[in-house]
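Residue numbering begins at 1 within each chain, and the chains themselves are lettered A, B, C and D in the order written.
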Amino acid sequence: MTSNLIVFPIILPLITSILLILCYKRLYFRRYLSIASLFLQMYTIIVLTTQVIKENTLQVLYVGGWDAPYGIALTFDLLSGIMTGICVFLAIITLLYGFGYTPIKKEHLFKLPLFFFMIAGIQLSFITGDLFNLFVAFEILLIASFGLMSLESRSNHKKYTYPYVALNLVGSFVFLVTIAVTYRLLGTLNFADMGVRSHLLTSDPRLWVMGVMLIFVFGLKGAFFPLYYWLPKSYPILPTPTGAFYAAMLTKVGVYGMIRLFGTVLPHSLGTLHTLVLVLAIPTMLLGILSAFSKKSMRDILCFNLISHIGVIMMGLGLFTKESLTASLFYMIHHMLVIASLFLIAGLIIKMKGSDNIENIGSLWKTSPLLSGLFLIQGLSLSGLPPFSGFWPTIGLIREGLSQGSYILVFSLLASSLLTLLSMVHILFRGFWDTQSPNVQKPVPYFKPMVGVAGILVLVSLGLGLYPEPVLKLSHDATEMVLNQKAYQSQVLP
Amino acid sequence: MFHSIILYIVGRFLFVFINLAALYLLIRGHNAPGGGFIAGVTTALSFVFLTIISKSGDIKKLLIVDPIYVMITGLSIVYFLCLYPTFGFKAVLTHSQFTPLLFDVGIYMVVVGVIGSVMSAMIHNTEQLP
Amino acid sequence: MSITTIYLIGVLTSCAIYLILHRSLVKILFGFGLLGHTANLILLASSGNPNGKVAPIIDGVSNSFVDPIPQALILTAIVIGFGVTAYLTALFYHIFQTEKSSHAEDIFPI
Amino acid sequence: MGVSLSFILDGLSYFFGLMITLIGALVFLYSRYYMTGPKEEYGRFYMYLLLFMGTMLGCIFSNNMITFFVFWELTSIFSFCLIGFKYADPEHQKSALTALVVTIGTGLYLLVGCVIAGMGFHTFQISEMVSRYFTLPPVWFTIMLVCILIGAFGKSAQFPFHFWLPSAMKAPVPVSTFLHSAAMVKLGIYAIARFYPILSNHPMWAPLLITIGTLSMTWGAVRAVLSHQIKEILAYSTVSQLGLLVLFYGLSFHGVSHDYFHIANHMFYKATLFMVAGILITSTGIRDIRQLKGLRKYMPLTAFSCAVAAMSMAGIPGTMGFIAKEHILNMFFLLIAHQSLFFGIGFVCFILSSICLFAVGCRLVIPIFGGKKPPSLKIVKPRLPIQIPAIILSSFIAIFGIFPSLWAFLFSSFSVHQLHKFPMDTIHSVSSFPVTKAATIGIFLLGYLLFRYLENKSLSVPAIPFPTLPSLAKLGSTVTHFLRLDKPLDYLFIVIGFLICATGWVSFGFHQPLVGFISDAIKPSMLDIVVTSIICLFAVATVVVNGWIGRLISLTTLGFLISVYFMLHKAPDLALTQLLIESVTLILLLLLLTRFSASTKKIDHRLPFTSLRHILKICISIGAGLWIISILIMMSGPPASPPIGSFFTLHSQSLAKGLNAVNTILVDFRGFDTVGEISVLVIALLGALGLIHRQKDLFSRKS
């Protein structure tokens, strides 16, 4: 069985980045090439996903022809399809937007190659079926993200890369320790094989330690409560297009890892671990959003909102039922689209007013109604209000939370939703409604296509809100596939 | 940097010797300790060594080409080897007769290129500064 | 694994963490280097007891080899660790250059 | 998910739909002449108003709980836009925010209620719920009831949430007319009526509605009497009337009768009064009623409609208000006579609020329109069209007040099974109970006395502060500061501390296995002990030695020693790699540090780090060591399943044609890891070059 197509979402960006380094002189060609490569990648992902849906099984590729668990198996199921698809979609959107944002002469030569390396890392982590390979994938995306961050931020901001790097290096260290523990304990690194072997020792305390360490590793990537420190100071130093991509994708990789490992690999009976996630979800939801009120810059506020919504996703993860995971997955999809578009809107504001400090912008409600409309829609969407996309998973989460008796969680969810709304209203009042604010700079007419690109993203998320059924079904099917360990094992292990 | 003519002559001699050793490590890697990475680091070290004792202090001159190109060539070899088996409808990265060695060569080039570049950048820039 | 290995790794971790919690960026750099070594040793520890076994190079004589998988993983980890060190060096180079200091308090005022 | 766009078309929704469209149409007409300002603002206003009306109707007609909720929240959002229509004014922003927070916040409770209902009845269709059993435990039913009622109370400005309504009076008058008399606040009443068949059997239903209704009725009426701003008076009287409606539903056991009449009464007179208030404000520019006098000559039509509406509010015969009041008085007497004296409290409160409302009615008519106009008061005569909607509405009040049978004729077919009483008793223009008559007359007398008493007094009630964005911002900074989010130097402390606590808790939590595993640890050889001790020594040296040169030497020696350790552990490839990489790292670090050693030395004597931080540092690093030791002890136990490693030593030669198993794994079995690994190297290089070089130096061959 050789479904080599699976490797293309990974290898295409890698090859693209080589080509991008090579033709460093042809600036326009680089841009066309990168977009073309992303579209090609999108095509392969669509083909793969339709195949998965049609056959209702996951696609497996044994790299090098070595059967699992000895070689590395790449697995592509519906969850991978959704995540990789959104990743490429957002990459296209943010790149196109970025082309308008940064003048072509000022774009750093290594920006595009590093961006593509990062995409390769992200896609690999969505596709791989091997724990150590996942580590490698994380390293690819992390170091690429370090590089991109220090490349793109302004010279006096580059130092803020350091906390990001340091915390993530600690995370990598713990990941290595976890791999050692896993290999010692289970004697294998393949997900399916890990699943088979861990079922034999569900009462072994060592499995719990392994689980907690995995929560640490993925929680650090996914910005769970006491581990999110790297996030709020690092994302805002990026230029907004890149920041939008980071905010949308990078934390989700950690969340994806949690879903994959707790759904597909580890036995579902490790309830204490789920409880740990639930316990961490509450402060993540509430503290994240509260900090948002102390910030003035729109991107800072969005970053703290992002943390709070990771808490919402964690809630679905911790409740760990099919419905709650479906809700989490849907929420994740919604959140990636919305947070990215809000970052892009912030970018437009920066272009227009020279700053995204909400005290300094003002009067946008009057001067640019289109932008205000986009912001209002996405702001309401972010807070989970109907009929926008965030609302549908919220229902599912409330339902599951109530039926499992986690009232505090439901309450925190609602509180965080209300607080998100307030923080959006905060931006709305200061940034859009107030007219007295002094402008830092004279307004600059922005590049029209950029609004179009941001508008596409808003439209997509609006569509998701108004007609959620297909995506809801998709995430339901994906969750079912993730939770069906028996099928996964029999598919991967020959 | 630390230029002295005797050191330089000895260095050149050592340079050739070290590189031969690296080649040996590269080739025998599949069967004994060694391999692309180890050989690559060895070669890179020899270049760095030679750079430090040479007059100009520039690896780029010694390597004739920019190490980045060496790196890219190596990387291309590796990625090509990933895709090559798919033309024969085999799984990605399936090895045949000589490809393991080629794979090692690719790694070797990448390592030489990376270490060479980063060292050259550090040497170059630290000298430039006041 | 032997008890000495356990203590060795414990001491190394303590030292590494102590260094990375330090205020001087140079020490932090050293700390991360040490942490990398520690990770490699922990990975090696997962291959179990090496006594009475030989290196995983098939010589046709012995048939009790140490587990080669952790070694392969460590090799990958060493390479990645080198990459990280190179990047960190460059980052600190940049920070030293722009901030004219290697002390974290100057860079991130308390 | 069971969410569908289905509609419920029964008397209840028709009635509400009719009323909302009627008043909506009049408000549109009214605002055509009321609104002044640039054209585009105009358009925006109508857009919001239309959207609001659409969502109102959507809410009323939806049969699905979730769509109901969707429209419910949308009305809140559009009302936010309408209240904050004059967006630049901070006061307007504040009121819009208050309204939004209260209505959305309580709406979230409604959502919880809806979700529970969906779980309990296994459907979201409201029409189906009536005929189904609630399958969850009864306590869930109580929670659902409370949640839905909180939602309804928030929307219709009931007692603990009432404050948003007076504050929302900053909005333009048409908005107040529509939202705060007719449409949005009635949504809560609609919800109560809609869920009456489902919820009213619950023992909590009546007490909750009666308590909250009584409280808001009384408090609203008292506040209305004590206020002076015309719109504030109207807002508080709205709170009072809504409380009355809530109370009314609470008192209606086994079916409701004539609730439409009460609702329509309030809608008509309150909308009229708001429109009148708008006319007064536009033509005089004054909002305080104490400054208005003798206006009847200048706007006789308005004076007429105001008088009719105020009479209805006061409950004077000939208006709808009179009939409504008598009806409720009758209800109270019947309840007190047949059920219990408990309802006496409600009765007293009702009398009290009626007295207050009578006084308010007097205040709105007699001083404003009667008497002589002071010369300082400047009046622009209102145009005719702006007065028409108010006249239409007030004539409704009079017509239905005089001919209640006409009302019965028109609306009796709107009754809904399971909500209304069948057969419904007819509405009489004059009650048959003598007690009722006495009570009515008493209310009139006392109300008039109250009006006279208050005429020349100016009492005021202090406003209750509502937490706003600045206070949230303060809380936010406290949280941020407490979590030390603004101190990048503390991040590592927190994260590593958490790691130790979280995993340490688990691994120390299982003592027994640990003790078991430690006995499995093998005895080290002498060589092992020597090498490890030397490595430990150099590790400690790296920490304690002064100056970077010493540290670097210790670290590098340690690296070389680790390669010896690798050799001891039968890993020649690792040893070789470690040796080489250590050399490269040494050169790299030397290149960095020789350049910067001068600057690092300079700043060495400075204040010592705070001692607490130092202690914490030591604690965390020792904790980390213990943590890793506990994990290693745990690992030293027997593996749970045989590792796959032996496969490679067995098959390396036959399958991968190589003798060095490590290398075959790297190149062949797990070659994909290696592909990733060298990509990492390249990525790290790109990142490093980006930091070291300037853009233009890249790819240049010059040195």
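To be clear about the criterion, a contact is a pair of C-beta atoms (placed from the backbone, for glycine too) under 8 Å apart; a residue touches a chain by one contact, two chains touch by 3 or more.
Everything quoted here is computed from the prediction, not taken from an experiment.
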Which pair wins on C-beta contacts, A-C or A-B?
-> A-C
Counting in whole Å, what is the centre-to-centre distance of subunit A and subunit C, each centre being its mean C-alpha position?
-> 29
In angstrom, rounded to a whole number, how far apart do the mean CA points of subunit A and subunit B lie?
-> 37
If you average the CA atoms of subunit C and of subunit D, how far apart do the two points sit, in angstrom?
-> 48
Roughly how far is subunit B from subunit D, going centre to centre by Cα mean, in whole Å?
-> 61
What are the residues of subunit C that contact at least two other chains?
-> 20, 38, 42, 45-46, 48, 57, 69-70, 73, 75-76, 79-80, 83-84, 86-87, 89-91, 93-94, 108
Listing for subunit D: what residues touch at least two other chains?
-> 488, 492, 496, 572-573, 577, 581, 584, 588, 592, 595, 628, 635, 639, 643-645, 648, 659-660, 666, 668, 670-674, 677-685, 687-689, 691-692, 699
At least two other chains touched by the same residue of subunit A: list those residues.
-> 14, 21, 63-64, 132, 136, 139, 143, 146-147, 150, 158, 162-163, 166, 170, 177, 180-181, 183-184
Treating touching as the only link between chains, describe the layout with one word: line, ring, star, complete or other.
-> complete
Using the touch rule from the top, collect the residues of subunit D that touch subunit B in their complex.
-> 572-573, 575-577, 580-581, 583-584, 587-588, 591-592, 594-595, 656-660, 663-664, 666-668, 671-672, 674-675, 678-679, 681-682, 684-685, 688-689, 692-693, 699, 701, 703
Please name which positions on subunit B make contact with subunit D in the complex.
-> 29-38, 41-42, 44-45, 48, 52, 56, 58, 60-61, 66, 68, 71, 74-75, 78-79, 82, 92-93, 95, 100, 103-104, 106-107, 110-111, 113-115, 117-119, 121-126, 129
What does subunit B use to touch subunit A in their complex?
-> 68, 72, 75-76, 79, 82-83, 85-86, 89-95
Which of the residues in subunit A end up touching subunit C in this complex?
-> 132, 136, 139, 143, 146-147, 150, 155-156, 158-159, 161-163, 165-166, 169-170, 172-173, 176-177, 179-181, 183-184, 189
In the complex formed with subunit A, which residues of subunit C make contact?
-> 20, 28, 32, 35-36, 38-39, 42-43, 45-46, 48, 69-70, 73, 76-77, 80, 83-84, 87-88, 91, 94-95, 98-99, 107-108
